[in-house]
Every structure is written in structure tokens, then in C-alpha cells.
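In what follows, chain A forms one complex with chain B and a second complex with chain C.
Right after this comes the complex of A and B.
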């Protein structure tokens, strides 16, 4: 590698390089960083966010955005946990996932029927739906939290998701690998997967070329709803509580993870594999900053700053490529 | 034939004047409920409590007319209010503290404008990130606790009542509305905004300085948001990092209800005034007939989705006709 190519690599991957430098500094300053306990901690935080980010990747690749995932998480979490007693854990789990799917379908229905095919219009619609889903969750529980451990019937599946291990890896990690594998196969080997990036690249051209763009939009929002529901189940199992506002803030984190991974916000380019890297980086960053004693408020600031920086740099890259 | 001729103008009026008609409907409905809705106290309070939102909406409208979006208004509002209080608590004179806060809003607006206009990025996601960033700043400044101003004079900035009746806040709001209406209607800058929002490329080739004009719209939005933040902090005599949480969405839907479109080039400041007042009257009426607050949240959410959906749907229909 010549110096020239190293410089251009750093310039193209500024944020990734920055977070790696942060990790190295943390490892030197704070020896706790590289302990097994801390690495397990990172993996545990990884669980819920990666599910959302994987779903969000398809949405952003298709040229859209979904701010309602925060609301979907809250709604699915309270519905699932509260239904364990009346209908049993397996049925509750299935109902929870179905609620996520229905939310995704409602979003896509609103977008297609309203012709809200610009990213900004989709952003406002899904933001509004997020308020609606959260309000439904609040009304459903009367603004109270639902405790998993208060369930009288067995909730062994949730305990397994929250704490269980299969050999050396956690159950959450197995769920993540299965989801990743399925989504990766859909993305790279199927017709609908190719339709997503074509729709995101240029919707009019895709439609004129015979790609079923409307079906693609329904598909990506449905996948995002299901993944948000899985994320909600994982999150509720880990913290053993479901609160009607627990999803707040997750939507910006998921978008951040996708964008930092290198999926273009304009649509058309990206991959679920990149999102895995992006999510790992985001969680590692917040872990490093926690160990270094940086307040959560400043971390919030940094999240906003990195989001702006990532989009700005991505835009510059596309221009310099002659786009 | 006759039927169509008669219904067409009615339909036109209905679709063009949604906000005032709906507001009229609420006023009529409230006649049938025995509530303190029709008291001068409630009506003045209604205007007063919506004044800060109206001030924000004015700048928001200018950005929207020029084809941009500014979702950082909530963040700017919160931080500028906190800056004003903390400067005054540190012993800075009130006028200087207010000016510094407003300058802060202008700087954030200029950064938003530079990133979106000169660097050609999507305005909504950049300003969304800016909103997250500013919320973090607000939390850091206050350690996420409400703060209050130690100088009692600061309250008078918004609460002093002229002629013992009308709070200064309302006068500041009216002044802002008049200035923005004048800017959009009667200056070349305002007309350029409409031209840019209508068609960016055409405006550029007709010799309008599109870059400067569009950046200035973001600066105006930052200034009005900062002014609103200072007035809000003075009105309730406290600064809190959670004040701006839903402002951007609320303002966006209110402005769209008024008839300003996300597509740019359509709308006006006076329409936004009607839009914001409509949502204000609606939630006031909800409170008066004692609807549960979470059901209110649900209704407002559904309402916002409905309004934005209709705005998109109208444009879709027009596109198909063309």
C-alpha cells in the first residue's frame, strides 16, 4: 500500500477509522475494555439494535426511511409481554411478530396510496405513525410498564432469549445470525432483493423497466416491521420489562448504524453486511465513551454530529465519483 | 351538468380553505358544550400559549416555501432558551443575553444552510441530525434538569401585560407574523423564495442567486426558532432540554394544514398562522371536553398522518392529470 492509497482509504472511511482510533485509545487508557465481561456486554447491547438496523437497511437501500420503528418496538413489547398470561408464550410471540408486520404493512399502504414516494414525505408519515403507535401502546397499558416476571404462566422462551446460551454463544446471537443469513440471501440471490436496490437507485426507471416497485415497497416495510418486532422481543427479554415508551430514540440509532456502515442514504447502494459493521462500531463507540467517563448527554451530541458528518462525507464521495 | 357546475366551486373552496373551515366547525361545536371555552381569559390564553409555536412556524414556512425543510427548530428553540437563562444567571444584561441567543439561532441556521445548499445534501436528514445534536447540547448544559432564571425581570419579557390585558408575547408574535408576511409578499427576496421552491433549476437560470437566497431562508428559520425559544423560557421562566421534543413535527403538520406544501413554492405565512391556530384550538377544545391525554395523543398523531397524507395525495392526483 502506498502512502497515497492509505490517505485516500482514510478519507473514504473517516468515521470507521475514527472509531477504531477511539477503541485503541480506550484499550490503552482503560484496561477493562478488553475483558471478557465487557466484550459480552457489547454483544448484549448489540442484540436489539442490530435487528432494527437490518430491517432499516432494506428500507434505506430502497430509497425510503422509517421513523416509526421506535413506536413499533414499544407497541410490540407491551402487547407481547401482556399476552403471555392469557394466551401462552408461543401464541404471544406470534401475535407480537404479527403486530410488527401489520404496522409495517400500514406504513407501506399509506406511502403507496398517498403517493409519498419521496424520502422526506415518507419520513413525515412514518414519524406521525410513530406517535400513533406509541399512543396506542400508552392507552393499551394505561401508561404503566408490564413486568415479564409477574407472568403466572411459563415464560421460558423469553428467559432463554434474554439470558440463554447455545454452547459458547448467546441465543440472541443465534437469532441474529439466522436473520442475517435470511436477509443476506434475499438481498443477494433473489429477484425481490435486486428490485430493492433498483427501486432505490431510480424508481421511475425501475418501474418503466418492469420492476414491481409497489410490491417492493410493501416488502421492505413489512420486513422492517417484522425485524422491529423481533428487536422488541429481544429487548423486552433482556430487560424483563416492557414499557410503552421503551422504543424512543431507537430509530435514529438504527439510521445512524446503517449510514455509518456505508449504505447510501440516497438509496440503491448498500448491504446488510455493512450494517453489521456499522452497528458494531456504534455500540463499540458508546461502550468506549462510557468507559472513558463521557456523559450520556455528550454521547447524544456526538450521535447527531456523526450522523451529519456521515451524510456529508457520503455526498462528497458520490460527487467526486462523478455522480 | 348543473349539479357539477354547482358542486365544483364548493369543492374548490373546501379543498383550498381546509384550516379556517375546520376551525369554524370547532367554534360552532363548542357552542353546544357548557365549558369555559368562550371566556376572554381562555381566548387570550389560547393565543398566548400558541404564540411561541407561531413564531417558529413563520421561519419554518419561509424554508418550506423555498423548497427546504428545517427539522432542527425544536433543538434550536431549547438551546437558545437555555443559553439566555444561563447568561442572565451569570450576570449578563438581559438584552445582550437575548441577542446572543438569537445570534446562536442564526449561526445554526447558517450551518444548516451551508450543509444543505452548498454541499447539496438532503435537508431533512441533516437537520434531523442537527436536532439530535442540539438536544444533546441542551442536556449537557442543564444536566437534563429544568433550570430557572434568578433575575425576576426576565419573566417580564414575555409576561408583562400591556394595558393590563395583552401580554408582550402576543405582540412579539404579531410583529413576527407581520414581518414575515411582508418579506414573503412584498420583497424580491420573498418572490425569489417562491421561484426557487417552484423550480430550482428554472430559478437558477433566470439569474436568481439561488445559493444565497436558500441559505438565508435557513438563517431566518434559525432566528425565529431562537426568538421563540427565548420567549418560551421567559414565559414559563424555565429552560428544559425536553421542550423541543416534538416541535418540528407539530409545526410541520400545522403548516401543511394551513396550506403550505412540502413540494415548495406554494403557501404563505398567513396560511401557516391559520394552520397553527387550528391545531391549537382543536387541542384546547379537547381539553375543555376532558378527553384523556393519551387518547388526545392518538388523535393528534392520526390527524398529523391524515393531513400529510392528504397533502401527498393531492399532489399525486395533480401529477396524474398533467
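Right after this comes the complex of A and C.
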């Protein structure tokens, strides 16, 4: 590698390099960083967020945005947890995932029928839906939290998801790998996967060339809804409680993870693999900052700054190869 | 013709400019005289736009010298160049659609003009001076393209411009609007303002330019008085070789009726009926906004028009969206290449394979090997000039981009191909290649609907012409029998 190519690598991957430097500094200053316990801690936070981020990747690649995932998480969590005792854990799990799917379908239906086919319009529309889903969750529980109880079974799926291990890896990690593999194959090998990036690249041109753009929109919102529901189950299993506002703030974190990973915010280009890196990076960053004693409020500010930086860097890049 | 004044307002001396991998301008020299209309012609990629962007301060030159109105120009910003008296009117107009005419003319200079009231009074005066009657309180989004052009000219005048550069102003104007523009250009000339007029339309250059400069591949080939050059000379200088004809011999393979369209009614279209025969090229003549594009969009399912009747080979078919149309063997090269045709950030390969993806899918999975083969085949057979299939299509010239879109559809061997402004903004050489392709398509039994604002193109390529005005079909002609005047009269039958 020549000096010049190193410089251009750093320039094109400023955020990744920056966070690695932060991690190295933290590792030197704070010996707790490299302990097994801390790394497990990082992986635990990784669990719920990565599910959302994977779903959000398809949405953003398709040129859209979904701010409703926070609301979907809250709704799915309270519905699933509250139904475990009345209908059993498997049925509760299925109902939860179905609720996520239905939320995604409602979003896409409103976007298509409402003609909110621009990213900005979808942003407002899904923001509105986030409020609606959260409100339903609040009404459903009477604004109370629901505790995850294991009263009827000796073995619980939820305990397994929250704490269980398969050999050396956690159950959450296995779920993540399965989701990643499926989504990666869809993205890189299938017709619908290609339709997503084409729709994100130029919806008008794609439609006129026979790409089923409306079906693609339904697909990405459905996937996002399902992934948000899986994220909700993972999250509730870990914290053993479901609150009707527990999803708040997750949507911005997921968007941040996707964009930091290098998926273009305006659509067309991206990959779930990049999102895995993006998610790891932002969790590692907040972990480092916590260990270094930086307050949460400053961390919020940094997150905003990084989002802006990521968008700016992407706009600045000159591509000669096509997507 | 007026005598050419002798003092130059602009001198460009051996200006060069390189971009990574391309020498866009190579020691270009040029003089523009005061009060002259100076045409610049050249194929896409000849360096015209780069030169203009250097003049307006969008790019910086690498070497050479530019003297404008006696002052040497080194580094300037676009605003500074306007204040010096050098304005550019770009092909893509730079107006704020949601603001009024007056506000657009004095954008960013409201306080200098004495607030809103002053803006509108002064805008009125400017518009009157070019004989333009548009209401200054009107929102720009409500204006036609030609009106917008007038606003741009008024804006240029508001800076006391001494030189106005017009970059293909006519590409979206109709014949009548063009006459308006020519009148204004002459008025400007009489006021002593110099004009640089860039155009692909050679007729215009001969109509009203005093001097013409031909550019090719970043070089200035020649500058001559318009009386000292012939059309054929100009074309061969542009393409670097001699082109015998602008159009190939008219193909004639017309057979049985293949398509019958009836009862197309929308807000714009009124009871449109038409038919198309196998192997026929059917030309549409009409103004922008006449409904000519809406007709083909309705047929292709791009707009969902209810209750229309379409018969293909005598059988009724339903077309509710482009997918239906494609499945029945229709294809459409849309009007606006960049917005409706291309995925600019995607590779040439993916732009070509776009319409064939369905054919390449097995149980939901794409066969990327076949995809690559398709693209390579089209790149070769259409002679698309690109470094590789992986290159961003944005990097290609307009002609090659258009050929890629054609390749996208030819792969499907369409029965009916709609070409909406297929040669807009494309240079002479690439145009000829597209005409040859059209010929090939009808030879192989395909049918073509050709929409074009360039009347000669429609008249020379079509087997039959229909005129469209105000959403109605107003006439049908055999281009061999009818005169251009007869046809245009019908196209203006409101």
C-alpha cells in the first residue's frame, strides 16, 4: 500500500477510522474495555439494534425511511409479553411478529395510497405512524409496563433468547446470523433485492422499465416491520420487561447505524453487511465514551454530528464505477 | 446581415483544462466581438460546456488567458462573473419554481431594489424592454419553458450583461416560441450586447448567427463568418469525417395493422383514436404540452387511463401499468432521459439489463452471468462507447446513454417501440446511428411510434405522420405528399 492509497482510504472511511482510534485510546486509558465482561456487554446491546438496522437498510436502500420502528418495538413488546400467559409463548411470539408485519404493511399501504413516494413524505408519514403505534401500546397496557413472567413453563423461549447460549455463542447471535444470511441473499442474489436498489436509484425509471416498484415498497416495509418485531422480542427478553415507550429513540440509532455503515441515505446503494459494521461501530463508540466518562447528553450531540458527517462524506465521494 | 463590429468583448487565449483522465480543453482560443451573435457547435463532449463553465467561474482553467471587456479574468465566482456583465443561461434553467417572476429576476437582491414593490416595478420595466408581457406576480411554476427562458434573459439583463451565453436554449422550445427568442436575440444585438449561442441545431446557427466556432474533442477546429461556411463543411468539421446524409433512406416495411387504440380520454386527451401497422414508423407532430407524450404514456400504462380500448393483433388487451405493456411486447424510451430513463448512479450494465431482469430470474434468483452477457451483447452491437460495463452511466455522453436505453429494450425484441424525443441533446453522429437502429427495428418486423420536436426528423423517418394539438388528433399525413407547412398548420389547429 502506498502512502497515497492509505490517505485516500482514511479519507473515504473517516468515521470507521475515527471510531477505531477512539477504541484504541479507550483500550489504553481504560483497562476495563478489553475485558470479556465488557465485550459481552457490547454484544448484548448489539442484539436488539442490529435487527432494526438490518430492516432499516432495505428501507433506506429503496430510497425511503421508516421512523415508525420505535413505535413498532413498543407495541410488539407489550403485545407479545402480555400474551405469554393467556395463549402460550409460541403463539405469543407468532402474534408479536405478525403485529410487526401488519404495522409494516400498513405503513406501505399508506405510503402508496397516500402518494407519499418521496423520502421526505415517507419521513413525516412514518413519524405519524410511530406516534399511533406508541399510542396503541399505551392504551393496550393502560400506560403500565408488563413484566415478562415465566409462571407457566419451566423452559422459556424468552429466557433462551435473553440469556441462552448455543455452545460458545449466544442465542441472540444465532438469530442475528440467520437474519443476516437471509437478508444478504435476498439483497445480493434475488430479483426483489435488485428491485430495492433500483427503486432507490430512480423509482420513475425503474417503474417505466417494468420493475414492480409498488410491490418493492410493500416488501421493504414488511421486512422492516418483521425485523423491528424480532428486535422487540430480543430486547424484551433481555430486560425481562415490556414498556409501551421502550422503543423510543431506536429509530434514530438504526438510521445512524445504516448510514455510518455507508448505505446512501438517498437510496440506491447499500448493503446489510455494511450495516453490521455500522451498528458495531456506533455501539462500540457509545461503550467507549461511557467508559471514558463522557455524559449521555454529549454523546447525543456526537451521534448527531456523526450522522451529518456521514452524509457529507457520502456526498463528497466521486464514484466512477456504477452501483 | 449586419456588418460585424471589430472590437472584441471576450478574448480566450490558449485555455486548457483537464479532468482526471480527460483533457477537456486543449489550448482553445476564441474571440467574441461586441454586438455579435457567435454560434458554437460541436458534438457532445467537444468541450463547449466546459469552456462556458470556465467563463462563468464554475470551473477554473489550468492555463491560458481570458480577457473580458478589457479585464483579465483569473479566479472568479459565478456571482462575480455576472456582476462583471457575463451571464449564462443554462439548458437546465436555474429558477426558483415557487417564487414569483419578479422575485426570480432579482433573487438575492431584494433590498438593493427597494423591497418587494421595487422588485416588481423594475422587473416590469425589464420585461417590457424585451417585449415580454408576463405578469411579474405570477409564480414561475405556472410558466411555460419559453416564458421561463424570457425570465432568465431578463435576469441576465438586470445585471447589465455585456455578454450573454445561451446553452442550447431551443432544445425545449416549440417553433413559435423559437421565433420569439430569435426576435429577442436580435433586440439584444441591436443594444450592443454580444451573444454566445450554443446549439446542436445547425439551422438556427445559419438563421441568425454572425460567426460560428466549431469545436471537437476539446480543440477549437475553426471560427468562420457564417457566410463563409456550408452546412456540410460544418458537419464534417464537427464529426471529423464526412457524413453524406443526416438521415438514412426512409425505411419502408409497412404491413398489416398491429395496434388499434380507441377512446383514450383524460384531463388532457380528448377521444384519441389511432392505429399502427407492422413495420411502420408513425410520427407524432405537436407542441410540447399538446398531449403527444400523454398519448403514448396512456398506451404504455405509465399513466393509468381507465376505459381505453387497446387491440393488439386484433385481440383486446388490458394495460394498467408498464409491466402489462412490456409483457405484451411494448417498449418505451421516455421523453426525459435523465429523469425517466436512466439510473444515473448505476453501471451501464445494470441500466441495460433493467427491462430484462424478469427474464433473468429463476425462482426469484437473478442469473448475473446472463445479465452480464446481455449487457455486453448490447454494448457491442450498438457500439456503446464505455470504458467497461461497470462504468457509471453518468460518465457517458448523451448519445451513448440513449443507446444504452435503446439496448435495454432491443434485448426484449419489442413489437411496438415508442421513442419520445430519442435524439434530444444528441450529436449528429449518434443521431445517425439511432436512425439506423430504427431502420433495423422495422426491418425485423417491429413498429415504432416516433415523437420529436424536430420536424425534419419526423418527416424524414416516418411512414405516416399524425398531428396532435390540445389533446386531439387533428390530422394525418403521408410525409411524402404533404408539405411541412400543411402539417404545422394542423399542429396549431387549436
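Heads up, the rule we're going with is that the second predicted complex is superposed on the first by the 311 of 323 C-alpha atoms of A that agree within 3 Å, B and C clash if a C-alpha of one lies under 4 Å from a C-alpha of the other, contacts with A are read in each partner's own complex, and residues count from 1 in each chain.
In this text, a contact is a pair of C-beta atoms (placed from the backbone, for glycine too) under 8 Å apart; a residue touches a chain by one contact, two chains touch by 3 or more.
Small disclaimer: the values here were computed from a predicted structure and weren't measured.
Trainee: So if we stack both complexes on chain A, do chain B and chain C clash, or do they fit?
Mentor: clash
Trainee: More residues of chain A are touched by which chain, chain B or chain C?
Mentor: Chain A has more residues touched by B than by the other partner.
Trainee: Going by the contact rule set out at the top, does A:269 touch chain B (first), chain C (second), both, or neither?
Mentor: After superposing on A, A:269 lies in contact with chain C but is clear of chain B.
Trainee: Quick one: classify A:202 as touching chain B (first), chain C (second), both or neither.
Mentor: Second partner only.
Trainee: Applying the touch criterion given at the start, work out whether A:211 contacts chain B, chain C, both or neither, answering first, second, both or neither.
Mentor: second
Trainee: Output check: A:280 vs chain B and chain C. Expected answer is one of first, second, both, neither. What do you get?
Mentor: In the superposed model, A:280 contacts neither chain B nor chain C.
Trainee: Name the stretch of chain C, from among 92-100, 254-262, 290-298 or 380-388, that runs into chain B once the two structures are superposed.
Mentor: Among 92-100, 254-262, 290-298 or 380-388, only one stretch of chain C overlaps chain B, namely 92-100.
Trainee: Does any part of chain A touch chain B in one structure and chain C in the other, and if so which residues?
Mentor: Of chain A, residues 319 contact chain B in one complex and chain C in the other.
Trainee: Please give the residue numbers of chain B that touch chain A in the complex, ascending.
Mentor: Touching chain A: residues 69, 115, 119-126, 128-137, 139-140, 143-144, 246, 249, 252-253, 262, 292, 294-295, 297-298, 300-302, 304-305, 308-310, 312-313, 315-316, 319 of chain B.
Trainee: Sort out for me which residues of chain A touch chain C in the complex.
Mentor: Those in contact with chain C are residues 189-195, 198, 201-202, 204-212, 268-269, 319-323.
Trainee: Can you tell me which positions in chain C touch chain A when the two form their complex?
Mentor: 300, 302, 321-323, 326, 332, 334, 339-351, 354-355, 357-358, 361, 364-366, 390-395, 408
Trainee: Enumerate the contact residues on chain A facing chain B in the complex.
Mentor: Touching chain B from chain A are residues 65, 110, 113-116, 119-121, 123-125, 127-129, 131-132, 134-136, 138-139, 143, 252, 255, 265-266, 295-305, 307-308, 311-312, 315-316, 319.
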